[in-house]
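The block underneath contains the structure these notes are about, expressed in structure tokens.
Chain nomenclature is as follows: A, B, C and D, assigned in order of appearance, with residue numbering initiated at 1 for each chain independently.
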Amino acid sequence: MSDNAHLQLDHVVKHFGGLTATNDLSFDVKHGESLGLIGPNGAGKTTIFNLIMGEYRQDSGDILYQNQSITKLPTHARILKGVTRTYQVPRPFSEMSVLENIQIGLMPNQLREMIFQGPDRQKEEEIARNVGLSEQDFNRPPTELSIGDLRKLELARALATNPSLMLLDEVFAGLTLAEIAQIAELINKKRQEGMTFIIISHDLRSLEPLIDRAIAMSFGSIVAQGTFSEVISDQHVQKTYLGDS
Amino acid sequence: MPNKITKKLKRFACLIAVTAFTASSAYADGVKVGFIGSLSSDAGLSALRGAQIAIDELNAAGGFNGEPIEYVKADTREDVTEGIKAYEYLAESEEVDFILSGSIDDVSLGWLPRMKEFRIPTLDTWTSYIGIIDMVIEDYEGMKTYFMNVASDEALATLYVDFGRDILAKKMGWDSVVILHEDTAFGGAINGLVSELLAPESGIEVLDTIVYDTATVDFSPIFNRAVDTGADFIYLISSVNSQVVSSQYTKLQVPKAMTGVNVAALGQEYWEDTGGEGGGISTLSPVPSVGFALDPASQEFVNTYTAKYGDSRPRFPHFNGFNAYWGIKQAFAAAKDAGGFDPDAWPQEMLKQDIKLEKDGEIWLRYGFWQPGEVEERTGRTYPHNIKFDITPPYDNGAPSMVVIQWYENGETAVIYPPKYATGEFAVPSWVK
Amino acid sequence: MLQILIQGLLLSGLYALIAVGFTLIFSVGRVLNLAYGAYLVIGGYVYFYFAQSLGLPKPLVMAMAVVCGCLVGVLKYRLIVKPLKGNHVAVEISTLILAVVIQAGIVLLFKDSPKILHPIVSGVWRVGGATITFNILTAAVSSWLIFGGLYLFVRKTHTGRAMEAVSMDTKGAVISGIRPDRINLITWGYIWRLGCNCRGIFCELYPAFPGYVGCAVNHCGCGGYRGWYRFDLGYLAGGPYYWIHGNYFNLFDRR
Amino acid sequence: MTNPTKKYLLLWAIFIAVMLLLPEFVSKGTLRTIIFANFLAIFAISWDVLSGRTGYISFGHPFLIGIGAYTSAILSYRFDMPIELSIPLAVLTTTIGGTLFFLPALRLKGSYFALVTLAFMELMYQLVQVIRPDLTGGTRGMSGIETITRGAVNNYYLSFALMVTIAISMWLLMRTRFGSALSAIGMNEESVRGSGLSTTKLKLAAFMTSAFIAGLGGAFYVHYLGSIAPRALFDINFLFTIIVSALIGGAATIIGPMFGALFLTILLEALRPILPGVERYLIYGSIALIVYMFKPQGLVVLVLDTLDKLRSIISSRS
């Protein structure tokens, strides 16, 4: 593995009872690279995100971030290092306004600063505008937002933690074509700024232009990796993911 | 969200002010008597009703200074904090002139500092804790509005020692005891007195003392430990939930005789409450008591009581029902002489009250008080503001402080000690060999 | 010592049965039922009022306790638990309030002096230094029988297996065609029955006492905590715990 | 300082002024009632800082209040320590001791946390009776504990000063980003963690704040009552009153617990002439249950909504 790896999974194994979620999985993603994860439901894609974020702990194997093991770190410590994620189903703070939601993401993990420093309203607005949320939504609760705006909010809260590696889980699910275009544009902008991405999506057409490389998974194992077209034309992938047809 | 609410905070501040201002207003016409005590216990209700009957009689006779006497009540729920709240309520919301208490010892101890603060004449009809009499001795000026209309624990224990000497030691031939007492102020006080007096005076040795929580529901381990000591009999001290311990004694057929103080057994409802599972025990009882022959005046009170309250518990007044009835009569007689319930003048007059009730030409019951400095011969100490009791036969200085009553296995009762008042014999349950 | 051992052995079944009632609700509905202690007490008072004050035959009263228990349990589920569904905090708090309301209601009806309940079977049996009443023996045997019945119910019947499935994974159970809603209802009704049954047995041993609501809540809290999320015979651990809890402290000398 | 803050501070000032003038207008009996309401408000705010915000329901608050009350009572009653020293020591003991006890529980989620805290209350009840009853007074507790001041008016001012100081401090604290973070935990703990915040640290801070207030309130409470007994303190009714005050007024606010405590105490006292006994809890509990079932946001919101409705009806007519 190269020294250049931003994040690296090293022989990671995770079981749930009798079920193997990831089976001796190893891969890495380089600085500034964008990696696509594809595979059928239950292939273990989201589990990988959970493992990277420390929401689950792997049974064996190691996860390295910039060549340092982060296996023992709790979730928030990993985020402080610069990894962050979005969820398949957005999880906003339902009784807070859009800007307040972003405020939580911006918050430092120091009690003293939390208490004695006020929120940075300008920064909140800047991030909100950045992801394409409109001005009139800023003080609305998330319950009044469309699914597209919710995904934008999810992205905004994640971006507020100032990450250098983002894990996006099904960012396009349930969106209109216009919304997909908006988010794709945002991702591309961040890529140009040097941010590293790992993206899970079923929407292969939307995914293709956003990634440098793809990994196809099935039953917790990698079945193919390479460029998007290499992976998609792989026989295993054709069989397991796209069906025999 | 906080924001949504605080936006409207302004209007709300006004609302709070309005709520706070809708306060109960106090009025101070005529004389007002407050009752403080447990309204869900038989003893508490006895005191409440005893006082009610006395007040009704006084009002029928023209009230006090031409004004009818008002009667208000506050429940202590046998809880110290609630007792303090109740006393404050009577003193400050109702602004009563006199308080009649049907509180247990611990609750009285809770509100006593408030009594000292408000200086309201207060008469206790149930609490018998000697520590409160000690407080009267130590701080007479602060405590002088307090009177205790029931013989203190010390008188109780002294009579018990006599009973132990005459019946348990001489007649039954027993020489060792195990004491079983609840963890209350009352239990601790009686235990101290019995342990210190029983051994030297009646030659009965205390082998062990077992303390139990008043919320105990299963007594079998406790009884077994008592039986294991090998003592000749069990001495029980129980004032709270006493039906439980005696019914379990019967249910478990504990192979030792049990006597002592069982407050539940002082009422007629005891048999019903234990479902007939409470026979075979004897208990010390303040007078008047179940199985106690009454003088004509007290009998008249009982007749009024049963006519008025005969269809709800307690159908027959407990000892403190009598105390409350006669206590109210005394308090108002004293107030008449003192010109009201002044905290300085009233106690002087209350100390002079002395009701002597006779039966068949001799003193049967007496409601008087020990004067400050007056020494009781046998214990050699003073009992200021405590009811005048007589613990030395032949009890011609007044009534006995206490009697011992017996519940037989068939549900009948009798007074068994002292001999002057006895209507029956001491008995051990049939399962005790 | 012998007494404690024997009685502990006999009563552990009863205590475990009480604990199971509590944990059954917890495992199936994922809610703490803080009013559970009140169920036990209501069972006791139903018994006291109908069997002892009115003198109805004991077996009939036991059946009445069960029926009225089921009814109140179902009512409570319909009126409180279901409308608040999905909000376990709200259910827990409303059951806490309900416990206080029931307690106050009992005091209103029966006053707060304890009621001594007649034993179903009287008599005692002495073994060495220990005393065993026939009543405790009866209680022990019946609780073990109910316990066994419960075990068979959960393992063998369709409803029982459905309850178990819901307790393990609500979503999974839905996929398998089980209506968790209905199972919850059955469980709440069942728990009432169980609670009242327990109390029916319990009551012959111990007096009915309103203050018991509070302490039974606490006791069940602790018992439930011991063996929470799958109901199995493993709950037997709850029995000895109760025993120690109830008696160890009493034996402590508090002078 | 921003404008809204100024406005709120003005409202606080009005509220304080009204409350300070209150003894001029109401009877001493009413003042005694409000004293209890003040203490209850302190306990409810303490509960709300932890449970109302984060959604971690504590059934063990009587445990914390008990540590504060017992520590100060024992130090002053048994060891003749002056109150000026015993109260700060009691607060310190509650904050540190309570935290040590609850630390393992803070790692548990939802109902499990509630269960463990409930167990703590029961544990405390048992321990107080068994361990060193010569100090704690066993089941019967202690009475004749030194009181700070005498009389309804003095005690009213003391309890109000304490309550309002705590309320304003908590109001200011909860307006910071720390307060927002605690509320966020109540809405979605995983997302808070996902925002790079240590929820364990936040919960611990919330808990220690809560314990600090509980200890402070408990210590002053015992020196107001002058007596303490385990049965009154570690009791389901007491727990119920604290939680219901916070919820019936409106959780996760400061005005909610204050209003709830006042409402419940006044209701309880108003019922005393009609139902002097424990039956009051039947009505009290039923009202609480109905309000909670139909307006979980609490009475403050209910009252404000009703006012809004009335206002719209009036304005539509005129």
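Everything below uses one rule, namely that a residue touches a chain if its C-beta (ideal position, glycine included) is under 8 Å from a C-beta of that chain, and two chains touch if they have at least 3 such contacts.
None of these values were measured; they are calculated from a predicted model.
Colleague: Taking contacts as defined above, which has more of them, C-D or B-C?
Modeller: Between the two chain pairs, C-D has more contacting C-beta pairs.
Colleague: Please list the single chain whose C-alpha centre lies closest to the global protein C-alpha centre.
Modeller: D
Colleague: Can you name the chain that lies farthest from subunit B, using the mean of each chain's Cα atoms as its centre?
Modeller: Farthest by centroid: A.
Colleague: If you average the CA atoms of subunit C and of subunit D, how many Å lie between those two points?
Modeller: 32
Colleague: Quick one: subunit B and subunit C, Cα centre-to-centre, how many Å?
Modeller: Distance between chain centres, rounded to whole Å: 37 Å.
Colleague: Between subunit A and subunit B, what's the gap in Å when you average each chain's C-alpha atoms?
Modeller: 75
Colleague: Averaging over Cα atoms per chain, report the distance between subunit A and subunit C in Å.
Modeller: Subunit A and subunit C have C-alpha centres separated by 48 Å.
Colleague: Check each residue of subunit C and list the ones that touch at least two other chains.
Modeller: Those would be 107, 112, 215, 249, 254-255.
Colleague: Please output the residue numbers of subunit D that touch at least 2 other chains, ranges allowed.
Modeller: In subunit D, 129, 138-139, 183, 277-278 touch at least two other chains.
Colleague: Residues of subunit B that contact two or more other chains, please.
Modeller: Subunit B, residues with two or more chain partners: 1, 40, 183, 213.
Colleague: Contact residues on subunit B for subunit C in the complex?
Modeller: Result: residues 40-42, 183, 209-213, 215-218, 220-225, 227-228, 241, 243-244, 247, 251-254, 264, 273-275, 277-278, 313 of subunit B touch subunit C.
Colleague: Over in the complex, which subunit B residues touch subunit D? Could you list them?
Modeller: 1-2, 4-6, 8-13, 15-17, 19-21, 23-26, 39-40, 72-75, 77, 79-82, 84-85, 88-89, 92-95, 106, 109-110, 112-113, 117, 183-185, 188, 213-214
Colleague: List the residues on subunit C that touch subunit B in their complex, please.
Modeller: Going through subunit C, the ones touching subunit B are 3-4, 7, 52, 107, 111-119, 122, 124, 129-131, 133, 135, 205-207, 209, 211-212, 215, 246-247, 249-251, 253-255.
Colleague: Can you list the residues on subunit D that touch subunit C in the complex?
Modeller: Residue positions touching the partner: 55, 57, 59, 110-112, 114-116, 118-119, 121-122, 125-126, 129-130, 133, 138-139, 235-237, 239-240, 243-244, 247, 277-282, 284-286, 288-289, 292-293, 296.
Colleague: Could you pull out which subunit D residues touch subunit B in their complex?
Modeller: Residues 7-8, 11, 14-15, 18-19, 22, 25-34, 36, 129, 138-141, 143-144, 147, 150-152, 174-175, 179, 183, 225-229, 231-232, 250, 252-256, 259, 262-263, 266, 269-270, 272-273, 276-278, 300-301, 303-304, 307 of subunit D touch subunit B in their complex.
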